[in-house]
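What follows is subunit A paired twice: with subunit B in the first complex and subunit C in the second.
Moving on, here comes the complex of A and B:
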């Protein structure tokens, strides 16, 4: 303990505070980030009596410094002497909660919420709650905005008189003059409702909710939609119709698309919150309207929810609702004018097949899938392809191959190389879903054809694709199906194709293993070292470097080394360079 | 299987750019403006589709042919006719109706602009209703979510052929010699103004231009709305600064404010000062500052010319928000500072010179030559130069070290020669001080290095101490826990004391080791 005292005298507070006041922002920021070190050096008592007052008084700094400070103070409880003294942290955080910059303020509120939990119930009423009240009645909107986030953390742990005051303050902020504060209040409405007693939810929260949901600014109204989810979850079923539904119906038909968008975006949550009966009577028509909304943004948001909404419909008449109410709208969306809408739909539409079963899928959904698979927008096509597996599960591979595969094959030969590229990227996935037999029969030729595509990016992707296929189907399959074809290209008159052989070998050697590499691939590579084209020769050097680790040391010494040594004396500079590089990497020198 | 979950809409997915024709893909980096220019589109808000049933319009007699007795009645009917909205996205739909409405609007505009005595009281609610129905709408979502007003073509309002005439009518209405503010204020109320202000977010510059003139007239004629308009503009700006960073009409609103500030009475009210400090100055932080900087700087200078005492707030505010990484904005800030210095009072200059010239020195040492150049140009400004000369004793020591250092190491020759000129000017101003500073330059440098070393030492010491203390704290906590557990189990507390004394002994060793490693890391950085 004596040693610690000496340490203290080593660092007078002035020196430390000088560091916190350094002219250079970066140094100041560094010091603030190590505030805990300083506090530890000062000890709990001097942190409380000297450091915190300094911090409280000098809060005028760069926002970045303030942000660091707000964050630090949230973890300071132990450094001021534990929960007993945690209220000492309130004054600096209170100032920080009133600054202009949102990021700083939010961080201060976050820290306040954190340390509120460390207050004893008495301290909460004596120190914390008065702070909330001061913020809630501050002059400038920033402090009132911050207050909104603090009600819910102190409410559950204070006496009923104080609770009444808190409710009153929250009510006032919900009808604040500035839209910024109303937005903050609206966004915390749900959170606050959760900690309130049910009676007060019904008496207080509902009226606030109704008022905010019909605010003159749409930015406030849309936040009320979010609160709607939490409020509906809290209320008993019989009260929902009278207390929540009028407002929700109004929001779903709001004149601002932003509000309707929010309803669409939260639709699944809303659906769960209001339960099956209201869903059937109210939400189904509302959802239909959103799917037919005049604003593409809203339609896209609703289209995104189609699967989830259908999944969560009450099972007893789910199929009937989907078939008569939802599917007609979905059919229209397939030929929507906006590509975002179509692609949103394409990302979920396949999920309907599991819900509707085999027969409906074949009869009603397959035509839609096919239409989307031929959509002019590649993203739509891609979304369909990437979800093929769920349809596969429902209707089986035979059916799928008959109906969808022709379209996929067509896309694989698309004139746009980026489309071909996308299809290649899904090949390993398709192969996995369809199985080796089916693959060999229908897709193998495609995969090989891509190797001689005239676009390099396609050839490259095709090479990579082969590797993934081998990883899926195994070395034996590779040896029988693809290795011969790949090696055959080594004799192609086009040097680009000969190089593709080398690239394939680079990619495949590891997956195929030592045996195939040594016996089948290596001879071909070595033979190509005599190619007339320098590019092929230096790629031979690169390939040898790449496959070297797969070969045994005997092959390396007796076969690879002489060839590389010969290449190292090539007339071409690049060939020499890569040969020498390979020699040194494989340690053959 | 996990690959099925690929997010198809992820922006990084290579497929998102599919629809771009391959011709543009040649260099792989098409300019965004190029991509946009092709698809110059227009959109209209969704209000049209909310009209339940489409009314068939029939042409009415011309206003100029109407007998005087029926003129007002006909005017009213035309106003009502113009409340019908048309679908402009479908450009061939209901061409006849569109033409009838266009003709009627034209007539209304002309009538209000030229003939006297048309605007009688019963027409006010009808006129305002017609205007409201046509212009008030929820603006549609932006076609381009990352709309960049400097690079991209704005999306134009499809219904502009009608909308323009409605705005024109509104403007003529407000400017008419017959216009009676006392009658209008019943219909042009707070709610009306709020909706008008929201329209300033329109992407269509033509619409914003009309709105600007109209709001200016409303502000000029309807005195009761002034405070409300200012307050709502504040709210729009605060939302722009702290919440959305997106609002298309900031420049237009600032332009109006420029002339409003011009008309402020002296002494400035607290409300106006608050507006300057809490709204105008923070507006400088916006990412899109370049779009409205000229208007903003004008407003700021207006404030200074009104009341010189706000100078300090302004300069300190700008210094607080000085751009850290965006050199383009830094140049704008320097431009604004020069505008301010151009009109600054010498007494105010003295109050801010110290922090200001520290920042200017920092700009001079910027590796970006445009920033350095812009700062050095201050010495070409005669008024600023005279201010510097008067306060040479203070300013020269602030900038000397920077000038001296940068003159030796800046990569750009223009900067080096500009600095030589500045140094020469200073030498002529006060050769004694200049010589002293040159002489003490090396000593100061040494001192600075020493301070840096001391700082490193201080932090190393602090961190060593922290390691030790943390260890002690955890030891103490563990001991306490042990004690408690024993106490609960009813064990005798005696064995704990040798343990604590033992735990004290090995303490210096691990802390020494860890501190030396952390110290090493410190000096390396």
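Moving on, here comes the complex of A and C:
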């Protein structure tokens, strides 16, 4: 009988192994994802001698299978016999590191980096480092790009002769013929610099950095900007001026807008890396130029950084720098020709008020906010409205409310439903900032009007909005202001509006509580079960199922049950279905 | 190199062993594009039936010295299928408009192919091993008796006959409202552009769900439309430069460093019109049908209906050289307009050293111009004259009223249904590929082949 037992346990594994070469990708993928089960069943010896050689040559497969394989192999150390044998995983990962698909290569490199930590220092030099060298001098650029990501993990743990070799390999890749490899090297430059001794950073890395930063390919130069951040962090302050700043200045004025965009995009990181002195002398003028750049993409990226940049300025003369250097540029951006620039600015400009304080905000920023609230582009107005909380803290929202209302009303009636949708989503925030009185007076009608919008997505969002408002203002407020209006729609001649009543009840019942639900909402729902439109009737069944848990058992038995039973015998199939479903969920049968 | 041209390999239809030399062919068999890869080892053709055929150059053989360099079919696959756009009630043809090879990145080869709307990235790879050994069934697929399975078997990879696999890697769809006329891979190896009649889009080769619009010449009111984009190409070395040609005969060079949207060109190449030669057909025949950067990146070659022109990137005012391809047609433009031939889009090609240019004409003729010696030649791609390893004889067309020599062909007897629109030149050697309707001819310079 022992044999039979063995067969039982063998069978599922046998299926998994066979499915490694099934024609169906999903089954192959499934098998690869359970590779550890297979390896466990085979044992460490057979995993090393049979399974891994097979996997090494399985590079013909679909990307998703290869990706899963690359990931699995990163966690395979114990399955091949522990750190002592971890080098057996190198061949399959090496072949995966040369495939053309970037995500697979990246995952293979990630797994290689992971298992490199499990190599003993000796194994690292005997097995891992030769692999890095092979990849670095491979014929195809796919292998050379993969090599770039591996230098930094082995460098700290090898002897000084090997270290020198690794530095040489990295240098070679930085001046590779193909832009692909130079890009890979540029993107790993910062990471490699971090593990190098400071002397080598100054002697090797800086020259590579300078070369990559003046590469003929835009795509390489822009990656050097990223490296700039890490390199600047490593160097002592006194070396920054001579070693990094010339390159950074050049990048900020590069002929290619994509490079300048990168500088703008990384500006906060750069600012932190170079410290306050250089920021004051160099970065402030550079930032001014980026805010005035001729390319809108660059201006937008810089505009996005305005708040962060100002926040991180040295506090002693922050206000002075902002007022004399940054604010004039910001003022110009408010009336920029490009709407993306304006909306990028609108998403951060409110943040300046906390930095500049009440008086400056009222005098200098408020006119800008008001101008943006009247902007022709809805996105700009939305971005201002979505950040109202920052201003509220500093000057109070009353200063803005006069201009705010027309802006909100206009957005609420915008012809584009996505704009209407966006403003609805800010309603709970606005209600919180403006308070219940202002809301009742000015905004309540808008919220109710959205319930009968001709676009479903708006009606749905409006329903959800009501729920959030009730959570904010409480059940009593709901009972007085919105419930009557919602229930009134139950008699609307348009069946879509009648259904909206049901959807609102679904959303509100919990927030309103048992009392309101039982006394006010339930009668309306029950009455609608006689509606002539089947869609309304089956939504009644769904609503009853939804509000059932809020009701007491008496109401359920005496009022809900008979109605559902009647609906369960409806002539319409869907009505029957949902009625029966409600009965079984509410356990009324 | 111009005079002795030798036939190296005949066409695809001979390979298919058709008994009748002029056997009827279907519309789908018409070749619509020809392109060598970067090493010249592979040659791809696309046809109106949406198929791509890849030819591979045979390695040098010691036994048969003459077989060296022959191109044989390596792989054939269906790239595009006919489709229907239900929103616009438009049929989308499967015809392959362009093929472009990517620089080689590993053992596999990659190419982009496009029809009017959709660009696809294909991987062409070889496989010479297959897995063997199942646990629960034998190699024929018969299920084994489970009780006989007592141990687990891991499949092993065994050598097998070489198999060429072609698999679709990416589909770049839904970005073109008009017909795609050009695709071009950037020297950064990671982006490419696709141009239609009014717009040019920039794609990342790894990303299919978005592209960036870099040129848009669509006027707000389509009634104001005066010109369309006819071709576009990236500079071979400078990743930021590209050129596009228009139906008005102009070329615009754009620098992507200056702005995200290259609406403003940095250079405009345009030849002032000769007012005396102006006619009803002036605008039609000045439309540029193809533009190609020289390998050096210094020059641009353009083709319009009657001429091929070489432009220097440093001189915008007029072309450096103008070559008459078939000037004798100037008097026949009226009838060429009536039979629509005047709208034929001839392509052009540079040789590897940028010293000779080539372009097609009618009657299965194609023309070559040596830029240094200013000599030119007309050759014919036809079954009769192109017996394997025969030397092609120069042909001459005698203009109406001109003196006619023996073997000359009169303009009136030219066959306008036989046109050579698509040609390609090997990137380094003197090997050319000529598409004549459904036939592909590959010719090689005789001196070149004797040297080997």
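Criterion: the second predicted complex is superposed on the first by the 381 of 589 C-alpha atoms of A that agree within 3 Å, B and C clash if a C-alpha of one lies under 4 Å from a C-alpha of the other, contacts with A are read in each partner's own complex, and residues count from 1 in each chain.
One rule holds in what follows: a contact is a pair of C-beta atoms (placed from the backbone, for glycine too) under 8 Å apart; a residue touches a chain by one contact, two chains touch by 3 or more.
Since the structure is predicted, the reported quantities are computational estimates derived from the model, not experimental observations.
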Please indicate which partner A:416 is in contact with in the superposed arrangement: first for subunit B, second for subunit C, both, or neither. first
Which holds for A:102: it touches subunit B only (first), subunit C only (second), both, or neither? both
Subunit B versus subunit C as contact partner of A:20, first or second or both or neither: second
Thinking of the overlay built on chain A, is A:46 touched by subunit B (first), by subunit C (second), by both, or by neither? second
For A:54, select first, second, both or neither according to whether it touches subunit B, subunit C, the two together, or no partner. second
Have a look at where A:179 lands relative to subunit B and subunit C in the superposition and call it first, second, both or neither. both
First (subunit B), second (subunit C), both or neither: which does A:140 touch? both
Touch test for A:275: subunit B only (first), subunit C only (second), both, or neither? neither
After lining up the shared chain so the two structures overlap, which partner does A:389 touch, if you call subunit B first and subunit C second: first, second, both or neither? first
On subunit A, positions contacted by subunit B and by subunit C: 3, 7, 10-11, 15, 41, 100, 102, 140-141, 178-180, 183, 216, 218-219, 255-258, 294-297
State the interface residues of subunit B toward subunit A in the complex, per the touch definition above. 1, 3-4, 6, 8-9, 14-19, 22, 46-47, 49-50, 138, 140-141, 191, 194, 235, 238-239, 242-243, 278, 282, 320, 358, 455, 458-459, 461-463, 465-466, 468-470, 472
Can you tell me which positions in subunit A touch subunit B when the two form their complex? 3-4, 7, 10-11, 15, 19, 23, 27, 34, 36-38, 40-41, 62, 100-102, 140-141, 178-180, 183, 216, 218-219, 255-258, 294-297, 343-344, 346-347, 377-379, 382-383, 386-387, 389, 416-419, 421-422, 426, 428-429, 432
Residues on subunit C engaged by subunit A in the complex (per definition of touch): 103-108, 110, 123, 125, 127, 129, 131, 134-137, 146-147, 149-157, 165, 187-190, 206, 237-240, 256-260
Give the list of subunit A residues in touch with subunit C in this complex. 3, 6-7, 10-11, 13-15, 17-18, 20-21, 41-42, 46, 50-51, 53-54, 57-58, 60, 98-100, 102, 140-143, 178-180, 183, 216-219, 254-258, 294-297
